[in-house]
Structure formats: C-alpha cells, structure tokens
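Just passing along the structure, written as structure tokens.
Each chain gets a letter, A, B, C and D, in the order it is written, and its residues are counted from 1.
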Amino acid sequence: MRTDINCDMGESFGSYRIGQDEKVMPFITSANVACGYHAGDPMIMARTVALAKKHGVGVGAHPGYPDLLGYGRRNLETFPGEIKNYILYQIGALAAFARSAGVQLQHVKPHGAMYNLAAKDERAAREVIEAVKIYDPELILVTLAGSLCAQMASDAGLQVAREVFPDRAYLNNGQLAPRSMAGAVIHDPEQVKERLLKLFKTGKLTSIDGYEIALEMDTLCVHGDNPGAWQLARTIRETLESSGIRVVPMGIK
Amino acid sequence: MRTDINCDMGESFGSYRIGQDEKVMPFITSANVACGYHAGDPMIMARTVALAKKHGVGVGAHPGYPDLLGYGRRNLETFPGEIKNYILYQIGALAAFARSAGVQLQHVKPHGAMYNLAAKDERAAREVIEAVKIYDPELILVTLAGSLCAQMASDAGLQVAREVFPDRAYLNNGQLAPRSMAGAVIHDPEQVKERLLKLFKTGKLTSIDGYEIALEMDTLCVHGDNPGAWQLARTIRETLESSGIRVVPMGIK
Amino acid sequence: MRTDINCDMGESFGSYRIGQDEKVMPFITSANVACGYHAGDPMIMARTVALAKKHGVGVGAHPGYPDLLGYGRRNLETFPGEIKNYILYQIGALAAFARSAGVQLQHVKPHGAMYNLAAKDERAAREVIEAVKIYDPELILVTLAGSLCAQMASDAGLQVAREVFPDRAYLNNGQLAPRSMAGAVIHDPEQVKERLLKLFKTGKLTSIDGYEIALEMDTLCVHGDNPGAWQLARTIRETLESSGIRVVPMGIK
Amino acid sequence: MRTDINCDMGESFGSYRIGQDEKVMPFITSANVACGYHAGDPMIMARTVALAKKHGVGVGAHPGYPDLLGYGRRNLETFPGEIKNYILYQIGALAAFARSAGVQLQHVKPHGAMYNLAAKDERAAREVIEAVKIYDPELILVTLAGSLCAQMASDAGLQVAREVFPDRAYLNNGQLAPRSMAGAVIHDPEQVKERLLKLFKTGKLTSIDGYEIALEMDTLCVHGDNPGAWQLARTIRETLESSGIRVVPMGIK
C-alpha cells in the first residue's frame, strides 16, 4: 500500500508571502508549484523547485488563470484554445526551473477555478488533457477523483492521479461537499485521521449524509495556505506511515 | 558564404496588434518570438511558432523585462538572479510551444533594454549567459556584434550569433550609432543594399564618420514593427541571394 | 430635435495602438475614455482627454474589467462589491485627467463584458449605479436602451443616456441581435442612414424580423476600433445635421 | 507643539496580505494609502479608507511605479510626463474612495523608488509637484526633510510635510544613513524614544557620526510592514503625548 501527499507551493509573489513552504515541504511528497499566472514569479519558482529537490519532493506545474488579483479562484471566460495555451505556457515556464535544477517534471495540477471547471466541463477538460499530452505524455495529471476530467484523461491514455481531500466531506455521489454546507470542512485532526485510515483499509468514506461511498484515489491534497497546514501534513503523513502505508512521490514507480 | 536574417515576431498582445508577421516571415530565417513579458501571449506564441514552422524559419525565445506598459524598452532595476530567472521563465514558456509544434528551439535573443544592458554590463551579460547555458547549452545566443556579452558568451562556450543592423550606422569603435545622431538610421534601401554587399565582400562597413571598420557577424536584424519591414526584409534577402550568399537559419549546420 | 454620438476612445496601451482617435474625434460629441483596466494608460488618458477638449467633445469614463489580455470583453466572475469598486477606481483615475485639463467629467459607460452584464444582471447593474451615484450623482450613465440597467438607473434618480447602435440590427423585443445572427451588423452606410432618419422621424426601427419596434434613445454609439470608424461617424453626423437634428454632447442642457 | 505620525497602509493585494493595518491605524494620524500600482487594489482601498475614517486618520494617496512584482521599490526608467501622469492616475483613483467615504483627501506621498528619486532628481521632483498641484493645490506633499523635492515644492507654493524617520540614523548632512551602513536602523525602542524627545526639545538629532544636526520636520514616518510596527507606532505616540506634544493629522489646522 502506498500513497502520495500533494500540496500547492510557491504561491508567494514579489514581496507578498502566502504559505509556509519551508515548514510544509518536509511532510509532503509532491509539490504543485505556481507558475506566475495566478501566483508565483520566477524568483519564487526557482526557490520552490530547489526546496522540493532538497526534500526529495516531486515537482509539478500548477497552472491557473492569468488573474493574480483573483488568485485564480474566480471563473474567467476563455475562448477555444486559451486554456490549452495558458497551460502549455505555464508548464514550460516551470519546466525551465526544473531543468535548471536537474529535476524531472513529475505532474501537472490545474489551480482553483480552472481545476474546478475541468472537473466537470468537457471543453476545459479536453484542453487540459491536450496541453499535458502534447507537452509530455509521461506527465501525470492530478485531478479530482471521480471527475469527468479523470475519466477523459484515462481514456486519452494519460497517467492520472485521482485526488482526495482528507479534510473535506463528500457527497453520496463521490463529489466534494461544497464549502457552503455545514460540515464540509473537517477541522478535527482526530477525525481526519480516522477517515484516512478507514479509507486505506476499506476503500470507503462516510459521506456527509452518513452513507458509505467507495473512493479510488492516488494522492491526498493538503492545503498550504492556512497557518496549521504543516501540522495537518505531518499528522497525515505520520498516521499513514505508522499504519504501514508508504508515502512516496506519485511519479516513483 | 552564408548568413541569417532575424526579426522580432509575435509581439502582439491580446487584441493589440504590432508588426506584420505574416508578411515578414517569408523573407527571414530566424524569428525572435516574444514570450509574454514585454509582449506576446500564449495564443500569439502558438500562432507565431506555427507560422515560423510553416516557412522553415528557426524559432528563438525573445525574453524581455516584465513591463508590457514600457514594451521592455526601458531600464528596470533588477536584483541579482532576476535577469537569469526572467529569462529561464520565458525560454521555458516559449519552448513549450515549440515542443507542442514539433519544432526545436534554435536561439535566444534578449529584447530591448535587457539586450542593451547585457551588451555592456557584466552582471547582466553573465545572467543572460547562465540562463541560456543551464537551459540548453546547444542554444545559440544572439547578441550585438563586438559587445561584452558576445565576448563573455564565447568564453563561456556558448554558440554566439553576432548581430548586425543593416539599416543602422556604426561608430568607429564598431558600436551602433545612437538613434539620436543624424544619419543613425539609414532609410534608403539602395544604400542599405550597397552597405550589405560591401560588408559581405570586404568584411567592412563605412562608419558614420567615414572610416572603414571591420565587423564580424553571423546574423542580420530586420525590425518588424514598421509598416515597410517586410519590404526591407525582402530587399535584403534578394540582394544577398542574388549575390550568391545563402540565407539560412542560424541553427542549420 | 437633438442627439449625441459617443465612441470608445483612448483604448491604446503603451506601444500598442487601437483606434484612430484623431480621425474620429471631430465627428463625435461624447468620448468614452478607457481607464487603464481593459485598455488605456495614464499617458494615453492624458492625451485623449486633451484631444476631446480640443474638439469640444464630452469626456466620460469607460471602466472595464481588470483584464487587458481579454480587452475587457470576456466575463470575469466578481464578488460582491468588486464591480462597484472597480468602477469607482477607474472613474476617479480618469477624473484626475479631466480635472488636470480643466474639463468636467460628463458621463460613465461601462465597457464590454461589464456593460453587457449590467444590462441584464441585477447585482451588476446595482453596483454600476451605486458607483456612479456615490462618485457624483450628476454624472450621466450610458447604458443599453431598454435594458434592466437603464430602468434601474432611472429609478435610482440617475441621469441615463439610452444608447442605440446605428449599424446593428435589433430583435423584436428591442434587444440587440447577437453578432452571430446573419444580418446583425449593417455594413451598408446607405442603409445605416435610412434607418437613422426613420428612427428620428418615427421613433421606430425595423427589427431583424421585419417588425416595427419603438426605441427611445439619447445617444448613438459608433465603434472606433475598425479602420472605417471615422467615416461612419462622419456619415452619421452629416446625415443627422443635414436633417436638422442637432448633435451635441449629452451633458449640454 | 504638535506633530503627525504617518504610515503606509493598504499595501495588500487580492489574496495577499502585507502589514497589520487594523493594529497600526489606532496609533497613527495620517495614512498613506497604496493606489493599485505598486500595491493595493480597489477592494483594499475602499476598506483602508473606511478604516482610516473610523480612527479619524487623515487619508493620503501613496502612488508608486506600476511594478507590483517589485513592490515599487526598484528604479524604473520613465519618459517625460510619465511620473506626473502615473501620480495623477493614482491620486484620482484614491480620491474616488475618499469621496465615496465622505472623506477629504489630505496629502500625497510618493512610494519607494519614486519617493527616493524625487528627493534628489529635479525632473522627478518637478513632475511630482506638478501632479499634486494640478490635481488640487490644497493637498499636502509629504517628502523627505531637507530634500530637493521639499525645497522645490515649497518654492512652488505647495504645502509640504517634511518627513523624519524616528528609527533611522542620519548622516551629518541631514540625509538618511543608507540601510547598508551599520547602525542605520535603530532597533531599540528606548533609543528611539530618547532621540524623539530630544528632537522635539532641541530640534536636533545626533548623527551617525556623533554630530548634532538640526532637522526641521512636520511628520514622523512609521513603517507598517514589519510585525512590530504597531508597537513602535504606539510607543512613539505615547512618548510624544506624555511629553505634551499633540499628535494630529497633518491637514488639521
């Protein structure tokens, strides 16, 4: 049994700091590195890739919409080809820092509103998949477990890492419970632990309505932009490892 | 005898158009493609690389300062490492489109104020050279003939394409005559032709003061952002070819 | 009988040029000046206000989404208060140049996707109206004739200039025929003239389906970003004036 | 005896936070509010003006270079008129929020590299002064005590607030000791207190070389972007008030 812990990294910009990358990096295995559109800049990217390398963490591109003001979290209308080309641009930019650091690019995970759109919109999913495939068909695409994008990417022959959020509740249909629902975010670390262990033992989670739902997954996402992120990352990692589950970068065979 | 004609391409942005890339591309052999910092965007980059490929034109990155408002033409103070990382970012971004189009990246030519600074400033030149070398030591660096950067890049083992401007006058020391000097820009196509032929026959140009100066060079630069650019490009190409000089992309051995 | 001709102006940016402001300005009476978000920059704004002043043209703010890449033409999700504050910011910025030129700000016309959204979306319309009203309740709001925004602004006590597009076809319900419909854009100047004269004589237009529809309006919009814009503006102005209709800035009582 | 305490405020951007405005605002009397170029955005500006109003703090514009990535701290080449128009744009934008909140704009203080340049460069100082004067000759210009800009602004008939940094050492000529000098920044609050009291009693400070230098000043600047800023602001305010010095917004007669 094995899994991967991924986290958004390198989301600072110029003099602005977001996240505690130095504290979180030791506990994760895959870093989704912002590429300068929704967050990140060339200096930050260079530093983030170096930090990931130091900790043996897999490096992935985390492309978003060109909307620093909205942090890539709000919907932006795009015309055909724009999502694909936005992603190509950002993968390439990050790849230059990986190359410069002697690190192989491992994965791509779209950010924020682009991630959410691709999870359910056919055109967006297709453009995400095309961008990854044409850049390098060996790259792993990280996407929401059970989503349209996960299905389409598999069908297209891409390696897919299906993602689960250990501190989030799920609906009966396997989709994330929206943050607006009571109980959507699980704040108690003990409860997070229990759910994780159950998921690994049984392949199932209890939905927000109390049903048992099956969830196939390849990577766990920890959010890096709240102060306690590194502690949650550590808790998750220790819980998994003390239960005999190997936590390794998704790209390691 | 052979040479190369390079031109800045892909400098439009969103709804804004600069240059007449479709008209100029048939007459040049190397395209310096803007990478989204001083000009260009992902859609434009994809189209420009496709256009270059169609015409068998070598594709190069044309990185600049992150200053769309100033079009990369004004000095911007940078801290150590910023020029290097700005260039890495932009080479990588363009390389993604080259890769996606099945084209090999041929060269790098810094833009505007960054180009001018690197020509004479040791720290800037070193960062430009480091960026190119660490990204891909096979890339050709296009830089001003006779400049500090040309010398340092050769010393560092990079392939250098020394650039000459056929419609510009030169000082006795081999440097470009500043645009503010009378006669700095040569508008008469006949005069441009004569100078070119003389340069290829004798390796010399007449300086703005009337002296004969030697100039070693590998590529001729045509500016793409004035309406008559494609005509100048055609004149230069025809003049050279009818004199038996091969005009081929700098990267073709 | 009187009317006003408005046109988007000052939509260049840095080295990028859009429109032929010098040619169009003599024929219009109100200029919608871009404010640096979807287009325009401080140097362009200063020049555009000076040009409008020279021709006795009323100066208005033309605020848009902060999306230069998309030229303010694509939808951007906003959170409550953002449209209002985006507009306040841009009105204020333009007002500084009006003030500096000794010109009174006359009107506000939202741009592109923001204009279209406000025409039909209640929250957007309310924020547009609030911004204008709190900045200066004497400002005229230019909005689509027959739209929700026109109605809400009148109800809120704002002066409204209802806008009609002389080179566009209309649906039976008085809404613009979408550009995707055949015949949506009227290219023949003679036809534009005829429609205009009929509109002023009868208050009616023939819809795209052949029905007679009534249209109340205060200003005619001419698009400035195609090469023939100034000719259309001249045709419209001459047609109106030779029919005894005064063409004056909307703010002149 | 009276003085003013000013602090840069509203320098967050989108999801990025800088400074602790809520903690600092109660102890200052004038807020320099970022205007969206080097920092700040419309939502932040609205909130910052409201916060200042709540605490009876004078509101000023804090314009900078259009360089969010560099936080306005690095030199950017400008062409004639650009500094003036950049400042006009930003004053106007902030004024819209002041107006919307029913607050009178009190002052203008250029930011970072623009402030430093204007302190010593004649063209920059002239453009700063022209922008302020043409926008509203009643606005106070905050500038470095003893600088060229302070002198030129006085000569031009502007109200000037000469600024002193209580936690910075000074050279014998009355200029700030560069941060690179040992002892340039005074970290000990007790020492800051002593220097302040001496300055108010005698009009003099001990220079970094041990000489007594006279310093005329109207406002004290506290930096807001380090965690202890609010404590330093409180210390300074309490020290002054307990010594019978009134601390009031610079614009209050």
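Just so it is clear, a contact is a pair of C-beta atoms (placed from the backbone, for glycine too) under 8 Å apart; a residue touches a chain by one contact, two chains touch by 3 or more.
This structure is a prediction, so every number in the text was calculated from the model and none was measured.
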Required steps from subunit B to subunit C (each step between touching chains, minimum): 1
Relative orientation of copies subunit A and subunit D, as a Cα rotation angle in degrees, nearest 5: 180
Subunit A and subunit C: spacing of chain centres that average the CA atoms, whole Å: 44
Inter-centroid spacing, subunit D versus subunit C (mean Cα positions, whole Å): 39
Residue list for subunit B, restricted to those that touch at least two other chains: 69-70
Chain contact graph, described as a line, ring, star, complete graph or other shape: complete
Subunit C residues touching subunit D - in the complex, by the definition given at the top: 36, 42-43, 45-46, 81-82, 85-86, 88-97, 99-100, 134-135
Subunit D partner contacts - residues on subunit A that touch it in the complex: 13-18, 41, 68-71, 73
Complex contact set, residues of subunit B against subunit D: 66-67, 69-70, 74-79, 113
